[in-house]
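Letters are used for the chains, namely A, B, C and D, taken in the order the chains are written, and counting of residues starts over at 1 for each.
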Amino acid sequence: MKARTENMQTDAPLLSVKNLSVEYRTDLETVRAVNGIGFSLRKGETLGLVGETGAGKTTTALACMGLLPEATGHVACGTIELEGENLLELPESEMRKVRGERIAMIFQDPMTSLNPVMSVDEQIAEALELHNEDNKTARQIQERVDEVLLMVGIPASRKHDYPHQFSGGMKQRVVIAMALACEPTLLIADEPTTALDVTIQAQVINMIRGLRDRLGTAMIMITHDLGIVAQTCDNVAVMYAGRLIEVGRAADVFLPAGSVGSVNSIEHHPYTAGLFGSIPSLRDRARRLTPIPGLMPDPTNLPKGCGFAPRCLQKTPLCDEESPCAYGSGAHRVRCHLFAERDGWRKEDE
Amino acid sequence: MAVAGVSTFNSTQEEVLIFKKESRWKEVIRRLKKDRLAMLGLAVVCAMILFALLADAIVPYSVALKMNLKLKLALPSWAGGPAGYWFGCDGYGRDLFARCLHGSRVSLLIGFATSFATLAVGSLLGALVGYVGGRLDDLVMRALDIFSAIPSTLFAMAVVAAMGPGIVNICIAISLTNIPGFVRIVRSSVLNVAEQEYIEAARAGGASIPYILVKHVLPNTVGTLIVQTTANVASMILTAATLSFLGLGINPPQPEWGALVSEGKEFLRTAPHLILFPGVMICVASFSMSVLGDGLRDALDPRLRN
Amino acid sequence: MKKVRMALLVTLVLMVFAFPAPGAEERTLNLSTLAPLTTIDPHATSNIQDIIFHRQIFEPLFFQNEATGKYEPRVAESYSISDDNLTYTFNIRKGIKFHNGEALKADDVVFSLNRALKSSKVRSYLASVAEVKALDDYTVTIRLGQPNAAFLNSQNMIMILSRKEVEEQGDEFGTKLTLAGTGPFYLTSLQHDVEWTCAAFADYYRGAAAIKKLHYVPITEASAGLIAFESGELDWYIAPIANWDALTNNPKYRTELVTANHISYVAVNYEHPPLNDDNIRLAIAYAIDKDAMNIACYDGNAVNADFMAPPENTGAPTKGVVYNYDPEKAREYVKKSAFPNGTKIGIINCSAGGYFEKMAQVLQSNLADIGLICDINRLDSATNLEMARNQKYDLLCTGLSPYGDYESLRMYSYTKMKGAYMVKYEGEKFDYKTMDDLWDAGIATTDLGERETIYSRLSDWIAGTATLLPIFHKVQPYAWTPNLVVPVNYPNYPQVYEWSWAKK
Amino acid sequence: MHRFIFKRLLMMIPIVIGVSFLIFVIIDMIPGDPGSNLLGAGARQEDIDMLNEELGYNRPLLQRYGKYMYDALFRFDLGKSYATKKPVVTEISNRLPISLTVAFNAILFSLVFGVPLGVLSAVKQNTLFDRIPTGLALLLAAQPAFLIGLLLMLIFSLRLGWFPANGIASWKSYVMPMIALGLPYGGRQLRFTRSSMLETIRQDYVRTAKAKGATARLVIWKHAMKNALLPVITVAGNSFGILIGGAIATETLFGLPGLGSFIVAGIKQKDVPVVTGGIIVFAVVFSFVILAVDLSYAFVDPRIRAKYSGRRG
């Protein structure tokens, strides 16, 4: 096992996404799913990517994997650099070596992401065989399969079983085992627990967290569950209508609005504030749940100004006219006109 | 905390779904409109139906029956044949263009009538057995097993032989052979739909079985039904042509594409235009119905497109 | 490169297989029938496709030559008729061998005739026979119940079989290989619906056939058969008429059109109004354009018919009442009738698949021209036949093959033959007893002149009812390869014995 | 699994009984009787009656059916053909192998050209590689079988002389029927493969395989193909079943003495034992084919395997 933990928190980013825009083009319409986002991730770090369904989280992940739907998905601009190498410029054959070996992905629904006609050991072994640079023998591969299965808590005796013989939580364990089999440097977990029972969710999240810590893998945790973000992430990025509207360390983003210690009355993007406001707080029983009114804008027809403006309670005339740029304070960054004149926040370069 | 987060987002999702459902048909039509091949198919099908309806205005039916044996097997006018006979003449010196045109009436009628008959009987029976299930389901499905164990052409032949020729009997025979397959398709999609929660809800609300079937179950299988029916029109026209070939088609001298092709068979080598024109008609009709069906399927199930 | 060579090799191999080069002497004659053999028991079929083949391996007592109408001796050398015309004495040829090598004796003849008398398929030919007796090993007498001038004609349809062979095979006779015949060829293999082969019978009493081997296949699809003929799989073929011109103009083939012993006709059911109106029936008779039917069905190559039997048939009339196409006259008759222009006169029945549906369409068009409207009901042949027998038709387009004697038409009209007739004359409308009497009289005398007079009257009687309307005698478009010498092409039954391979 | 097979075999008995009864009733509704059919025009009623009596056709329908089923089920005797007097069992056993060969070849041919082209057009969706094969498939599926057959004959028998136009003399006789039947069915197979493949390559597990770094070829042939195969097998099995008794036009054209033309001839002559026997055999073979299809499902898909063997008691 490579000693990855040593390199933790070094300055060179492992993954650096800059100004990434992704479009889905069909003859009917163009869906602008991701619009100029940028973020970076250092080794061993975990980034939480949060947002509503349709905000562009999965698209971002697929773009990183180079798995956008061939016929329609299309990166309009931007770069995705993995250890300094722009993945978007790699030929498909090189990209295949990246997938599974350097970046692995756990998909949302374990029920459908395993091939129903192959036994689980075949499916895990396949990942190993595809990236078998050190010429492991069939036997060594089988041993490794047993090892990763054990790692996710599945007895080796069940390795010849087929996916339908496992429960949902167990299947997700298999998917995780498959993703981690080649010890990737980056793991993208796309809502890994959404499809699972609540009790199983906690188990799986704990396991992912444990394995990440043990293997020192960097991770992008895509979720709309803020609880999971709080439990697992170093950094959080909030996505809305294809843009990152707020990025920061978990502590920054999770700092509740108007809580003790804040200089200004508003520390968050109104959407983030709304997002957090919609979660019932255990501490503050009196507060009522305040869901955000309205719907996300139609991605085929984004508004001219701020994407959130139509739903925003603090909207100014400027919000409808001009798309806000990002304002930063330390590692915390917010994309909202409200922060333009605020103390301690300054305009950031794109 | 986690629980609440999920529920919040789900409520938003549901809104989206409802919003989508209202405009579903509009969207399907919009998608279909963008599918050029399917629109071409639709245009051709509509044109054929229009021509069939206006056949008498274009060329009177009597022209399709008027014999002139001096013109037996005459070539099309553009290929050196007598003037005015665009498709040439058949083995009795009848105007082949008029026969193809008026033949479209019968062929399309057979195609559509049998498809709709199959649709009506098949979907009602399929919905009923799929929804009611139990002993009725067993009984009907075993009976259908018996029907589908008999080769369909032979079954149709025997039925036509027993009932005698004629458009109605042929339609009955062809429909009978197709109903079992249709019932199976509808039944299985009804079984899928019946598991959905809104059916449970309707049931819990005390709705009667026929009401649930008509109001809730069938509308939700409509996509499958439309696709299957458009595909059927093409195959039914072909089945009718096969029956004609086996001598069990509609009675002469009424023109029908399949009958025209099988009449032209003996002149394949001496006067190939006799088989060419009705053959092309069958091809075009079946081709355009098929691409229309494919387009509808894609429009109804956008997953299949990109 | 390797692939190309491989493809060439495969092509070469295929070509070698496709063109076998047999020696000229032992060359097999390849023939086809239009349907699979139903049986090889000649007493168990009335199917003409079976009979065409049976005639190569079986023989009757006397054989009627279709081309000349004369009777030629086969199993019997000669015959004599008693003065009362009731007893026929046949002298059996000595030294005839069955294919199994055994000598033919009178006993076999008696056995065969008695066997035929019990067969529902052929016993009608022997309807007049009262008793068959062997006087000695080579003499057989047949006593008739009543005089039958056409008896020689009908015995022509009864084949003589080896008693031993038939009895040994029992119930299975007809379904498997048999050597029970005396004909010029004997069966060497048999798969009823695939192929069967014959070889020339060396001990045949008229001398062994020139062609030594026959190979038959059933080909039901005419266009497929033609392609088989053109690609050399068949040596002789009854071609589809649609391709006749191309074949005759092709120097690679010999061709001949022979008028078949067959009559295509329209039957009118006078019992169904408005067809019970004499004027309507006469209108129909004059409305029929025989030339048009001939062109539609046979490209004009068939022979238009005036009477219900080809003139070559014994006793067939050559003059009498004839209706020829005259639409003006037809319209006059419609005017004279009690029915207005545009009257629906019913449905034309015809069987599907053959040229009868073409006749029906021309008939419909002809009738429409004179203002009589009718539909067509195209039926499978079995249903058509059943409906015709039961008089469930208004108009009927059909045809029949007489056996060579005008008498063979009797069964289609004679009222005492229940169920066989196409038109049922028994009833109030016509003086059918006169017709029955004429049929009876026609076979009561052996005098040909007398018979012809009777049949002329009969023909006029039938024509007078305008119920059986003769249209044409169809033709057989025979085509064969120039390697084959075919001295005579017969109307219905080819005589392969007479054929030989051309000398190089 | 054994239980499943046994159960399915048992289920064939009611099908055989049902099919034969249905056929008896339908044939009885066809006007006419075998006697008058066999004797042809000009036969006397007394001869027809005699023949019908000999054939046992004069007895009531139910009595005939009862005897027939008794013989069929307990003595494996399907009676004798009214026309040829040969035992129907013998006739069928001569013809079934031919029908099976023709159907098998045709399906094999249809698979060989339909499946790869179907996969190709699914993978290259909306390109020329998709449009040309799909267009071709639609065109082929719209051709009456006899037309393709006749054209093949004109080319390969008449012009080139490669294959015989008629008969079953050698393996060469089976080539043209195979193509004539296989082409339209291949067209169908192409379309089914394409849509099945399209559906499959959009499944999450295909994306999972890609995420593992699998090549496009591996993804298609290993992951997608096995899953996309199920509908393809179903269509192939059904077509095979249909072709055994349903390739009538082709059998007639090429002079193949198969089961289909045998039954057609039987229907035309009201030859009840032939039609009933033929269709019973067809139904049984068809049931076996469907069973084989279901079993091959189990072979391909472990979920179905589990379902079959799980049904204990």
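Simple rule for what comes next: contacts are C-beta pairs under 8 Å (C-beta built on N, C-alpha and C of every residue); 3 or more make two chains touch, one makes a residue touch a chain.
Since the structure is predicted, the reported quantities are computational estimates derived from the model, not experimental observations.
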May I ask which two chains are joined by the most contacting C-beta pairs?
C-D
In terms of CA centres, which chain lies closest to the overall middle?
D
Report the chain whose CA-based centre is farthest from the CA-based centre of chain A.
C
Starting from the mean Cα coordinates of chain A and chain B, work out the distance between those two points in Å.
48
What is the distance in Å between the mean C-alpha positions of chain B and chain C?
46
Centre distance in Å when chain A and chain D are each reduced to the mean of their C-alpha atoms:
53
Just give me the whole-number Å value for how far the CA centre of chain C lies from that of chain D.
37
Can you tell me which residues of chain C touch two or more of the remaining chains?
223, 380, 383
Where in chain D do residues touch two or more other chains at once?
30, 125-126, 150, 154, 267-268
Going by residue number, chain A touches two or more other chains at 71
Enumerate the contact residues on chain D facing chain C in the complex.
30-33, 35-48, 50-51, 54, 83-86, 94-95, 150, 153-154, 157-158, 161-170, 172, 252-255, 257, 261-262, 265, 267-270
Can you name the residues of chain B that touch chain D in the complex?
142-143, 145-147, 149-154, 157-159, 161-163, 234, 238, 241-242, 245-246, 258, 261, 265, 268-269, 275, 279, 282-283, 286-287, 290-291, 297, 303-304, 306
Please name which positions on chain D make contact with chain A in the complex.
125-126, 203-215, 218, 223, 226-227, 300-303, 306
Chain C to chain D touching residues, read off their complex:
14-15, 17-19, 32, 36, 38-39, 44, 46-47, 120-121, 123-124, 171, 174-175, 191-195, 217-221, 223-225, 227-228, 230-233, 380-383, 385-389, 398, 400, 411-412, 417-420, 422
Chain B to chain C touching residues, read off their complex:
65-67, 69, 72, 91-92, 161, 164-165, 247-249, 251-253, 265-270
